[in-house]
Amino acid sequence: MLKEGQVRIPSGCAIAAIIDRKGGMINGSEIIKSIALMHDRSNGLGGGFAAYGIYPEHKDEYAFHIFYENAQAHQSCEDFLFRHFNIDLAERIPTKTIDAISNGPDIWRYFGRVNRVRMKNSRLDESEYVVQCVTKVNSAYDGAYIFSSGKNMGCFKAVGYPEDVGEFYMLDKYDAYLWTAHGRFPTNTPGWWGGAHPFNILDWSIVHNGEISSYDANRRYIEQFGYKCTMQTDTEVITYLFDHLVRHHGLPVNVAADVLTAPEWDEIDRMESEKKEYFTNLRAIYSGALVNGPFSVILGSNKGLLAINDRLKLRSLTAATKGSRAYFASEESAIRIICPEPEKVWSVSGAEPVFVPLEIDEREDD
Amino acid sequence: MKYIVIGGSAAGLACAEQIRREDKTGEITVFTKESIMPYSRPSISYYLKGTVKESDMLLRRNSYYGAEDIKIITAAQVKAIDRKNKCVKAGRKSYPYDKLCICTGSKPFVPPVKNAAGKVNAFTFLDLENAKQIKAKAGKNTRAVVIGAGLIGMKAAEGLSKICKSVDVVELAPRVLPSILDEKSAKSVKKFLETEGHISFHLEQTVAEAKSKGDVITSVVLSSGKELPCDLLILAVGVRPESGLAEKAGLEVNRGIIIDPATMRTSDENIYAAGDCTVSVDMLDGSRKVIALWPNAVNQGIAAGSQMAGGGKTVAGSYSVNAIDFYGLRICTCGLINAKGSRYTDKIINSGGSYKRLIFEGNKLVGYVLINSSENAGIYTSLIETGADISALPGDIYGTPGPFVFAKAERDIRMKGALAL
Amino acid sequence: MSVNYIPRRFTVVRDKELCINCGCCVRQCSNECHFFGDDGKTVFSDSNSCVACHRCVDLCPTGALRIEKYVCDYRENANWTPQYQQEICRQAETGGVLLSGMGTPKPYPVYWDKILLNASQVTNPSIDPLREPMEIRTVLGRKPEKLTVEKKGKSTVDMPPQVMLETPIMFSAMSFGSISLNAQKSLAMAAKELGTLFNVGEGGLHPDLKPYTDRAIVQVASGRFGVHSDYLNNSRFVEIKIGQGAKPGIGGHLPGEKVSVEVSNARMIPEGSDAISPAPHHDIYSIEDFRQLIWAIKQATGNSKPVSVKIAAVHNAAAIVSGCARAGADIIAIDGFRGGTGAAPARIRDNVGIPIELALAAADQRLRDEGIRSRISLVAAGSFRCSADIVKAIALGADACYCASAPLIAMGCHMCQTCNTGKCNWGIATQRPELTKRLNPDIMYKRVVNLINAWNHEIKEIMGGMGINSVDSLRGNRLMLRGIGLSEKELEILGIKHAGE
Amino acid sequence: MKKVYAIEELCLNCRLCEVYCKTAHSRSKDVVKANKYEDPAPVSRVTVYGDNFLSAALNCRHCDDPRCVKACITGAMTKDKKTGIVYVNEDKCIGCMTCLAVCPYGCIKTGKTAVKCDLCRNEGEPACVKNCPNHALVYTDKGGESK
């Protein structure tokens, strides 16, 4: 059986997210409850979470979450990591033995800073250095897979139903200001842990429901710029697109969202001139980054949360707010089960991204 | 306004119709001596041979006159015109007019044939009545003799040849159809008529006398002495303008009624005349002559009608144009076909069964004779009428004339049908 | 006629029972295959000069005519085929290079026919193009590296000149001279209505095309015919023609008899003189020279237009494309070796160059490997026979496609491949006034518009099936393609998987 | 009124208008029968003049004040008041062809009787226009100015 990266596997999914704009902490049990409600939207072949603000004591260090399939991979990957980073702490991620999750890899996490000398020699900026290291491990170190590489955040994922994954990772022990969750329904059954969502690079994490029909156009676009879409998943390519647009091209997140879900030409033609020019240029320059096909995406980052729907609104995505919190889920019920009386509920419309910025600057101390 | 038109053929009907076009309310009365509504006199030979029904000979449907409010009085012989009281007398009644038009047409010229007058099987050939009488007499054993090889005589001969045993045509002139054919073409036409119609010609002959049994002619004796058996004698040597009525009314008349060549007005300002009864001026050579042809009669009738109703239509110029067919042989002629003199040149194009003779005066076309080559003859006619400079035309005019005879500008006008004629 | 050792190619079969001797065929055949007998009434045919252009067949009101292949067997020989023998005889007779028109008829692989398209099922809804917006608008031109904004909704980027097409299909270069003005006019009118561009080729710009210059691509080719400042500026963009798929490495030769007054005016050469396009541009012997020409054209047009370069698909097309991109070309057209021509040496046409599919795939990948694919536009040319070919080309990586033969066929071309004779019965590849008037632009532009609209509909239908609603998402989307019956190497070059994978 | 106008720049000299005119005015309405077997053979009301270099098809101009109507000696030629179409009633026509001799455009043809364009009896586009492969004939009331 081929796994992600060897074959492209389309899949359907459930997604959910919670953010507290003010940085208030939310316990992992809440997001598990929300995603669990949408049990039927996944088929036990993948579940996962991303949590922001969970490692305050290591907030300035990269937190690498890594799957090891064998000891040799563990050894060589760790060698690589220690060469390129000054690792402060290496430990197994605590898990709970449950029946529903089995056959898992060895799961480790590392906290550390970049090796300044190596980075200087590489002539790359820090984030690019980190990305290239991650890409290197994931493409060249068979059996090792870095599935989380941001600061003060982490991804937790496995093959299984999301609620089981949450229990497995004991997420009720974590508090975060931003949670995203994903339950997967792949239409093929490779059962590889790395293939579960969220997908992460640096601080970006993406959960995604749908199948982007522009996948290869987007992949071949983004691979021009040094990315390697090793996973062949939509989530991966969307993550890279955001990373590229925001980090390399310096675009605001909401502009990057416009690139992915740009309005139709008909609509652009009717716009007033400034907006028309903006979108015309945007579409002309980034035609390869336009994402097409049914999808709903929740992008988590240390800047906030972005929820987008495809241009034709072919996938469901509901949003709600209450107080400083915003909730997102594939189904409204998954919001109401944890927030029975939201102040506002709406369906995220096609090509109109919802951006919930974090109102505290996570990188203040950087 | 009261209008009276005497005569219900080409000129009379055209006159009445034109009056109606220009005067929607005036009272129009047309007198015709015929007992039926206006019909096509030239069709009588076709009636004779049986290719046209009497009902198809009517020029207009009967309902037409009611719709146009034109009163036709049939079988009405106008006896006199009372110019002083401005009325005409027909039957026992007198009809007042404000404007009058005389369109009395032609009368047959009957040659003096000894012992022919009053015979029951001798006829002229001008109206339907004649044709009906002849048709009643003619049968498949009938031997017919036609005196005159002009248009009327030959049409009679053609008609008879279809229903009679034999037809002999006697003509004083040395050729057939002398008014429309030159010598050369006449010869070939004669040959055609002999073979196609089995008509026997006796040229440069007259009928000296008729022999009869009682009031029935049995044979005729030619000037040569030759005797032809004859069961039916047609006297068709020609026609003369029917100008007696005008003459009696004191109007100016010589061979025909004298009229103003543009307005058709006679010497009486309230009386007009049009058609075969008048003397026309041939625009091509300025000669005064009787042009006893249908298109000329209609044009004159229209001009007369317009003038009578106070309109401005005139006849720009008269010329003769004639088309006729014998057994499918199409003969088409126009203009000065018998022009003589060094001013005129001609060009003859003979090919196969067709003959084309174009007559020029300098660079102008002034006449044509077309035998089985009459395609688009009207283009020649228009060249004659407009006096176009032939040497300035880019295209060939000797073949079948078409739009490409003309330069682009003229051609565009013609292709759009916008000629100002 | 002297004996030429070559059997005729076709037989004109006249069904005497149906033939009404109207003589339409007689008057329509410029090859004089049909004639009236001595009676001037009965029509006969002489098949010797028939080129199977079907003018007579299509216009015959009673369907009395049929063109058959003239079957005359040679002793079987897989090596010395009749065609080679006949070509030898023709050359033995004339001592000349064999000339031919249109694209190669040789049975080289057509990769379009070995590529299959994908469609959505279950996991991804297909889109109904009649209900949902389906975008095929294409923007050509050099793109800046990135968008810069003051804020969302306000762009601050300095955008180079762009060309917006309402369909990814453009009409490829066909000069006035190689085709008739009426044919060019039809394409110009169609381009205007379709919101796409036509290419005037290297024959200059006839004044009648002035109303369409905002839809015109003007070429600067090795002969520099008709090139002047007005010419360059009266265009949507300027294309430097380096090569042509049907005759890579070969110049052009428009014989003097085709250089009518009009052609001579448009080309700025004396009437009746041969118009010779040299094989190379004599001011471009290197990529540096080429760069200077691009610069010169951009100067001459005040940097108001993209500059395109058209190259023939040759063995190292990918590297050449990359070089062109770096030399400043904003749009690069690659013309595959099956592309058409007004006249080319048959030997060159049938043997030189590579198929567009491979050249395009290689060039697109090369540009991506170099990270510059998104900066320039890639146009594919060289025989697109249907909308599916276009879809496949775009999925391989083309921004737009150049079509010429298809619109010509829409205008009546029957691929008789005798464009070089100048006797085109359909009024396309001829300058004879009695033939060119057969092509009524008012009719033909509509047919071309219909054709491209039909293809547009099909492209949208296919995209909808894939679950894609913008051609942007089809471009380079090779996952939508699968090879069938292709070798590993071919799949590798095309960058696609085999069907079933 | 709507008339047929020829655009000589577009005329191909194919003469299909003549073929289809004959067909439209035949008994069988079948192109082969009409043009080959029918006796009497139908006569084309439209005629193409010229050669491959310059040609045009011409048919009746349906004049406002038609000379043919005035010259007709039997009343067979009439201009329809409503449609403006000039018709020849073939039952009444004796085939003298005086009309032909006065038509300045050369639009009257000779059959057994006079034969001329009847604009296909006003039933939509006349056959010549419908079947012109190059739209060299247009049926319009714009005086032929419109191309």
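Which chain is which? They are A, B, C and D, in the order written, and residues in each are numbered from 1.
One rule holds for everything that comes next: a residue touches a chain if its C-beta (ideal position, glycine included) is under 8 Å from a C-beta of that chain, and two chains touch if they have at least 3 such contacts.
Keep in mind that what you see is a predicted model, and the values were worked out from it rather than measured.
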Identifier of the chain whose CA centre is least distant from the whole-structure CA centre: C
Chain of greatest Cα-centre distance to subunit B: A
Centroid distance [mean C-alpha coordinates] between subunit D and subunit A, Å: 79
Whole-Å gap separating subunit B and subunit C, where each centre is the average of the chain's CA atoms: 70
Centre-to-centre distance between subunit D and subunit C (centres being mean Cα positions), rounded to whole Å: 43
Chain centre separation in whole Å, for subunit B relative to subunit A (CA means): 106
Numbers and ranges of subunit D residues touching at least 2 other chains: none
Chain contact topology (line, ring, star, complete or other): line
Subunit C to subunit D touching residues, read off their complex: 17-24, 27-28, 59, 61-62, 433-434, 437-438, 440, 442-443
Subunit C residues within the subunit A interface of the complex: 120, 122-125, 127, 132-133, 135, 137, 139, 141, 143-149, 151-155, 157, 159, 162, 368-369, 371-374, 397, 466-470, 472-480
Complex contact set, residues of subunit B against subunit D: 10, 14, 40, 42-43, 46, 51-53, 56-60, 294-295, 298-299, 302, 321-325, 330, 332, 334, 374-379, 381-382, 385, 401-404, 411, 414-417, 419, 421
Of subunit D, residues touching subunit C in the complex: 9-16, 18-20, 31-32, 35-36, 52-53, 131, 133-136, 147
Residue ranges of subunit A touching subunit C (in the complex, touch as defined): 8, 10-12, 187, 210-211, 213-221, 223-226, 248-252, 254-255, 258-259, 264-266, 274-275, 277-278, 280-288, 290-294, 311-312, 314
